[in-house]
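Chain nomenclature is as follows: A, B, C and D, assigned in order of appearance, with residue numbering initiated at 1 for each chain independently.
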């Protein structure tokens, strides 16, 4: 297996110039693209239409290049758009491509390299969203995606990005008509439940939590259960879970390594360095990566959210009492700034909504770097 | 001279519990207080009434304790409230008190310690606000405040906080009635001009710029002119400039040192470490100060603003195109997060509005630490 | 009884110039003031400190004039500050004063005139807030306030303004320590429960609902129960309910009449005209009141909130899906605009938070006019 | 000529279900569509991407139906998306179609009916945007569009919708490279200049202002010059002006009438009734249109903006001092609410940015109704 990753700046939600150039210069074959993860510049909340706009533009673009319908693209490529570029976060897309690679070369490898595996679960019923059934389906599919990535050891998995479904009024009504109970009647909350159940599904697959603890009642309640490498995002356009597993494998001939760590709170700079170190970069005694190492970083992926107490290191913050700016926006601004101040680049990916993804008030952080 | 500094958390704009406790426990004599610098939790823009609320509450409180009118307090104590606690910034007040100290002990000193000097300019005429006349008056008063702080060498000055006037409709009309020209008819812009002229006045006094370059037309235009230690803030309640000079002096018997540096952009973590080092704290090879050193930090004071290009390290940010959240809010969230990730405390002071205070897109940063 | 009412514009949360002038010109004796109802220019949500600022400023001002403590003023005068001046709503305060009046003149009266009655409930226990106990206490006190206003017939009551308590963490802990259950662990929600229980207390007193229906489980659940004349507002500074009853009475020698109606939705202009008519003003076939009638209007008081469906006249609105601006802000802008377009004055009082105050998506509207 | 107009609700920026149904049911032939005017649910300011998203979705949709490129659609159909659905404003699109009609029937007509004319100016040079040259080009094209609509008398024109260009950095640089001066270096301001020059071009064509007064220096300065029927909107995707003239003509066999009036301020309900009357609807003495008349209204189009004084009827509003919500958002919420309270439907079109469109603080209002 070979894997290629490209980070392209975006001048707006529908700016695909950087992407088009990659294709024009034959740096990436559009047929090999398996996933695109983008930061778009909306508010990251309910009325953030930049996610939909970017998805629409990307699908239109790929459907033209691959001569198929937008619908087909939607099945073939997992597109995750996370809204909210607060602080200095710079809008961009990360494009993941996978090809079969050079088998001969792989045989000689003794070092693990970045590998990617993808898998979708079956479509869920509305009443299954946010329940242990979803967690179980995700867990099973994560295992399959690991196999697809040629990764055996859970310790070699460093980031799992999932796109999961949510409940709409229609879906709730459908369940109701069949006499089934749903986890919540609130669309916004259903996103949290779906993200939470998906994250716990990852945690089960990677043995981070004991599966017997992942009960319906634990989801979005028992915050002692979490995954250190989960990043989940809910979207209206699907009813299954799209799973992208990233890790290191001897079977990969790619030129990248992935590493991760867990931020214990929003200003945990030590964890940032930890993740960089795990991706093969050097701690140098300075406040920032050396220029040479900085150039090796492809992207950093982190999740961020406010602690329910509103406290950080025992200090009161206004994140949860600010009725003008939501706490997710405050959290993203901070974590992006902290990471940028270390890697020297504000174009890194920080996303909100951290249910069962890292400890309360903290979140997973992963780094992909050139070898 | 002796100087004492206290940082107290605030649970709201009128929460003076921490302050009251200091007085009750006789840690500070209210009669010695010369300045209070607070971060309040409004938006930091035009309709941020938390600044006025905190000022009102502090003046009411001190007028009760010192048995004098609120008006008298306003003349005696320089109260600077900076609005905007974005990201993880924690609302608080820093209280500066000064007493005559122990002359005998001072004679024996061979090390410089934190000293504070205060001075007000004469009241300005509306037509002088934002002009080189204001800069000159400020420059003269900064010199006098240095003398008041027993500091001779400009290099021993590390932070100058100024509260300066702005133009209201009434003041504009007053100038007009006398046939005088004002710098702008826009109240908001007059704040920028007043901050800019004040900052250049500091720069003149400290020989950071050549005074012949500080012409009317250079103010808020020639951004190559700036001070590395200025922090200026405009308020409607005064017509003169209130100046607080902070530096190190052999004549001080205080237990604090002050140091500073200049952030070149919003994610300049190296400058944060520089300022810490200059205040006597050790660089330890880790991402954060050691616990012991962190406890020595009294507060960090920084200014933050977006570069007019909207770029940070060549990357597009959305700070200047975000019509929902003003760029000053984005900038404060980032700089506070970066500093907090190093000192391990989100309760540090970051303020917006950086005209002629540090280079474009960057800003001064000062640290006060226990010896 | 005599009643006087004054509406004064406010140039900011602490602007009491208009109020001071009333006292200076002896138009109102500060000792007679029983209530002040103000619209302040914050966001009307959790971090709206303009309400506290105005309350602080009013209490400081009155404590100086009446030579007593701020605390004493807080007991003597019911100050209700409602945040949020969206659209064209103009910040202002309405001051209610009451004196004993001229008994002889009252005997001769055959027409009812505006009368005001005030009463406080006992202090509630945390576990009573938001329950039927609160509703019952309010109901009893409303009856007493009616007697205080010399009003017998519930049909003569046209507006009841209540300030009610909320749950803080401390109060929740206090209940917990005594083994008592509270209605919610969420401070924001406790405000809704307290407003709702208070509104139902009014409805019970005025026979708008059957008291046996006002059970704990009906509060903030059964929206078919509501009062057509309730306006309730929760504040952190009290543990009892402060009640101001406004109606018309033969015992009053005031020069005002009060009338009311109920807006069925946010654009119910017919209801605005209805309320005006009930306060003695003429429907004239035009879109706006005649100049002469407009001058007779002292103020209009209305409550506004979004229907849970997000629909208005079957049309989708974005009020509930807008993550940048809360639905209460949208609702206030609209209702104020609709009223202003009829009375020809944007300085009218519209407040959010309509639990059990009018039908879902609508709200009470009252008009006080000169005879 | 025949004209057909359809108003379709939108459940989101890319929701074209209502539009698709019109085509499926053969109510409109997509080939006949000349203009689409939509209200989308962004903030209506710089980072409102809902306008672009809706435009992208509409063009994709029409390009599929008409089997041509998106680019071709952009040339053939004038798509104006106005962002901002504040208050109760309901997102929707109005679709204008024009066909050749039944010549015989037209000969017999003695009553004027709604006619539509379209015309584009030549592409402007960057240095012409916002100048009297733009105004002149627009004026000429409006005359041609009137001819296209078979309207001779300027009094028969009741609404002119223009989409005009703006200055980007690239366009500014292009002008600079050729040694040409541009009206402003600020992209946002260039939108105001372009809207203003376009509005004055309309005013010239319709003899509302004397063309010798429309000088470069008068544009966006002399607010005594304005059009009562102009609605202009700037967009980045074009360099010419797209003009849609709406009026009544004997040559039209449509079943609609258009009328207009001018709101003198944001709460001018009389003007709303005036416009309704001019479109053939009856004033009925009630606060709202009769149900029968309400059903005849197709849509109402209005422009709204804050008066530079911030005053409405002499009262202070907070529209211009609110740093959380821009004044255009406040203004749209109010004007939409006022109109909705009269026509009984919140799905009407209110747009911001009123340079030279109606008097300061007011704006044009037009009504299209079934005969």
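Throughout what follows, a residue touches a chain if its C-beta (ideal position, glycine included) is under 8 Å from a C-beta of that chain, and two chains touch if they have at least 3 such contacts.
Every value quoted in this text rests on a predicted model; they were computed, and no experiment measured them.
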{"item": "Of B-D and B-C, whichever chain pair has more C-beta contact pairs", "value": "B-C"}
{"item": "Remotest chain, chain C as reference, centres from CA atoms", "value": "A"}
{"item": "Mean-CA-position distance for chain D and chain C (Å)", "value": "41"}
{"item": "Intercentroid distance (Cα basis), chain D paired with chain B, Å", "value": "48"}
{"item": "Centre-to-centre distance between chain C and chain B (centres being mean Cα positions), rounded to whole Å", "value": "42"}
{"item": "Chain D residues counted as touching two or more neighbouring chains", "value": "41, 43, 47, 318, 322, 324"}
{"item": "Touch-based graph of the chains, sorted into line, ring, star, complete or other", "value": "complete"}
{"item": "For the chain D and chain B complex, residues of the former touching the latter", "value": "43, 45-48, 318, 321-324, 326"}
{"item": "Of chain A, residues touching chain D in the complex", "value": "12-14, 41-42, 47, 49-50, 52-53, 56-57, 60, 324"}
{"item": "Of all residues in chain A, those that touch chain B in their complex", "value": "9, 11, 41, 43, 85-91, 266-270, 272-273, 283, 285-288, 312-313, 315-319, 322, 324-325, 329-331, 333-338, 340-342, 344-347"}
